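Sharing a structure here in structure tokens format.
The chains carry the letters A, B, C and D, assigned in the order they are written, with residues numbered from 1 in each.
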Amino acid sequence: MTPPIIYASAGAAVLCLGLFGFLAARHVLRRILALNVMGSGVFMMLVALAARTDPPDPIPHALVLTGIVVAVCVTALALALLTRMCRDEGSALLPEDRDIE
Amino acid sequence: MGPSEWLSMVMVSVGVFFFIAGSVGLIRLPDVLTRLHALTKADNVGLGFIVLGLSLQAGSLLELMKLLLLWPLALLASSCACYLVAEATLLQSRRGPGARRHVR
Amino acid sequence: MTEFMFLMAAAVLGSVALGLWRVVRGPTRADAMMAAQLVGSGGVAVLLLLSHAMGRAHLVDVALVVVLLAAMVSVAFVRRLGPVRGDDGTE
Amino acid sequence: MSGDTLVLDLVLAGLLVFLAWRLLTLSDLFKATVLFIVFGVLLSLAWVRLNAPDVALAEAAIGAGVTGALVLDALRRLDARGPADEAQPLRLNLPRLVGALLVMGLGAFLLWSVLSLPPGWRGLSSETAAAMPRSGVVNPVTASLLNFRGYDTLLEIAVLMLAVLGVWTLNAEPMPPAEPAGPILDVLVKALLPPMVVVAGYLLWAGGHAPGGAFQGAAVLAAGGILLHLARPFNVANRGVVRLVIGFGFAVFLLVGLTLATLGGRFLELPERHAGILILMIETAAMISIALTFVVLFVGNARDNAGRDTS
């Protein structure tokens, strides 16, 4: 048990939780949160595996930095889409989820 | 270990004690305002002790300056945030428990 | 000394985890708003302790950023999810 | 590695997994959002433990700060149209059970692949270390972002511009009514804005030799803008000046690349002698653009203070 292994395993768990939440949740805001959580899991695995050498491999760090910035762009756009859908259709669920109870 | 190291260890322990006290207060106290009070006061004092303890060990002048800048900033931010949350709570309760918050 | 600082950092992290119980439990939204303060000051304390324990002075920069951003998020909580002023005619 | 440090790592990793689970299963979306922000701050502690301070800075500023403010803002807009929560968010039925089993299989596969990696694998660290003297900076992450992987960063800034275009086009966010800021909030804004600007500038300058850089600085600067907007709502309309500033960073980056290409080099291949100053130039322009981009993503395209529909 070393820190990289601990965080990489936690990252795999977080990735899976996020993926399941993204597939299973109905409220679109929760899906957006789940997508972010899933991304964080991927980042955790990347950075944890880069930390096995000392000094750590900087390339995954740069990749994750790019990923964080792209994730916030995606989140902002998705939230704007969600708010617009909610304004036009009065529901925060996707059309195919609305009639299922 | 020299006396300054002992002193900073003692200070850091006191700081951590305040953090734990703050969390216990957050769990045990009965209403929002008292919990807010416990959290803000205890965490600020705890952070202050930790900053003091670590500034005894600071390696450079720049690091020391950053550490001593950090605590007033944290104090200001968290006391203002505490006031704002308390104000929001009071506004909410004045409107009565059954009043629905609505956004125009 | 190093080990002591790691243990203290773990203790602060544990107290933050304790406080999170209240955030999840509620009952009011104000309880959850305190999370930004809790994790702000707790996170800063852990970062400072780690900065000393891991021997990396630049972690103090991360702590500074956390302080500033936690303040911004606290304000966002109150301004976006607190009660709207003037609704009851008292303001 | 002694046992004491392992305690911290185990607590932190466990807390992260717990938060991810709770924020997806709590019925109240408001609490889920709170836990999401907490998750971001604790994740930046994990980056610190993994020796990735650049990522920690970005996570604290962008992942927890800016994203958190964005989600809180969206939550308020949804709240106006009925309760934003679900009774039982992830109740298991047959399709979800199948999904859960598949995801668990994926998790087991990932875990197996992590544990079976050869221990001596060094990734690209030796190649990066060999190329560092020619990069113009000392911080390998900055060198990688602005020099070795210039294409990626150029397109990343383009993605930021596209997101702004999308938010403007959707025009989804009529501005909420301007609530008067109390005196305490005014004091807080006045006291916090100067340190935010100073810290942003410091991070930009430090990026060459220590953790920091354009993206982290921009996020802190944007946090200042968002704070100001929260206290006294202002308007960043879709006007010429705003578009110009948002495109500025991309334009400077592209111009540097094209100039180098016409002078006989290759596109975005920074010459060794001028790499340091070119990187600082690109980063300064990018920081200004990215900061305004984040503020615009938060403010949206509201032209009208009364909260009326502007479309």
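The definition used in the following text is that contacts are C-beta pairs under 8 Å (C-beta built on N, C-alpha and C of every residue); 3 or more make two chains touch, one makes a residue touch a chain.
Just so it is clear, the model here is predicted, and its values are computed rather than measured.
Chains A-D form the pair joined by the most contacting C-beta pairs. Centroids of chain A and chain C (each the mean of its C-alpha atoms) stand 22 Å apart.
Rounded to a whole number, the gap between the C-alpha centres of chain A and chain B is 30 angstrom. Chain centres here are Cα averages; for chain A and chain D they lie 13 Å apart. Rounded to whole angstrom, the centroid-to-centroid distance between chain B and chain D, based on C-alpha atoms, equals 26 Å. Counting partners per residue, chain A has no residue that reaches two or more other chains. Within chain C, residues 14, 33, 36, 40, 61, 64, 68, 70-71, 75, 77, 84-85, 91 each touch two or more of the remaining chains.
Within chain B, the positions touching two or more other chains are listed as 69, 73, 77, 80-81, 84, 87, 102-104. Inter-chain contacts occur between A-D, B-C, B-D, C-D. Against chain A, in their complex, chain D makes its touches with residues 1, 5-6, 9-10, 13-14, 16-17, 20-21, 23-24, 29, 32-33, 36, 39, 43, 46-47, 49-52, 54-55, 58-59, 62-63, 66-67, 70-71, 73-75, 77-78, 81, 84-86, 89-90, 96, 99-100, 103-104, 106-107, 110-111, 114-115, 117, 119, 121-125, 128, 140-141, 143-145, 148-149, 152-153, 156, 159-160, 162-163, 166-167, 170-173, 213, 215, 290, 294, 297-298, 300. For chain B in complex with chain C, the touching residues are 1, 5, 9, 12-13, 15-16, 19-20, 22-24, 26-27, 32, 35-36, 39-40, 43-44, 46-47, 50-51, 54, 57, 59-60, 63, 66-67, 69-70, 73-74, 77-78, 80-82, 84-89, 91-92, 94-95, 99, 101-104. Only residues 3, 6-7, 9-10, 13-14, 17, 20, 23-24, 26, 29, 32-33, 35-36, 39-40, 43, 46-47, 50, 53-54, 56, 58-59, 61-62, 64-66, 68-73, 75-77, 79-81, 84-86, 91 of chain C touch chain D when the two sit together in their complex. Chain A contributes residues 1-10, 12-21, 23-27, 29-30, 32-34, 36-37, 40-41, 43-45, 47-62, 64-66, 68-77, 79-84, 86-87, 90, 92 to its touches with chain D in the complex. Contacts from chain D toward chain C in the complex involve residues 2, 4-5, 7-8, 11-12, 15, 19, 22, 26, 28, 30-31, 34-35, 37-38, 41-42, 44-45, 48-49, 53, 56-57, 60-61, 64-65, 68-69, 72-73, 75-76, 79, 177, 179-180, 185, 188, 192, 195-196, 199, 202-203, 206, 210-212, 216, 220, 223-224, 226-227, 230-231.
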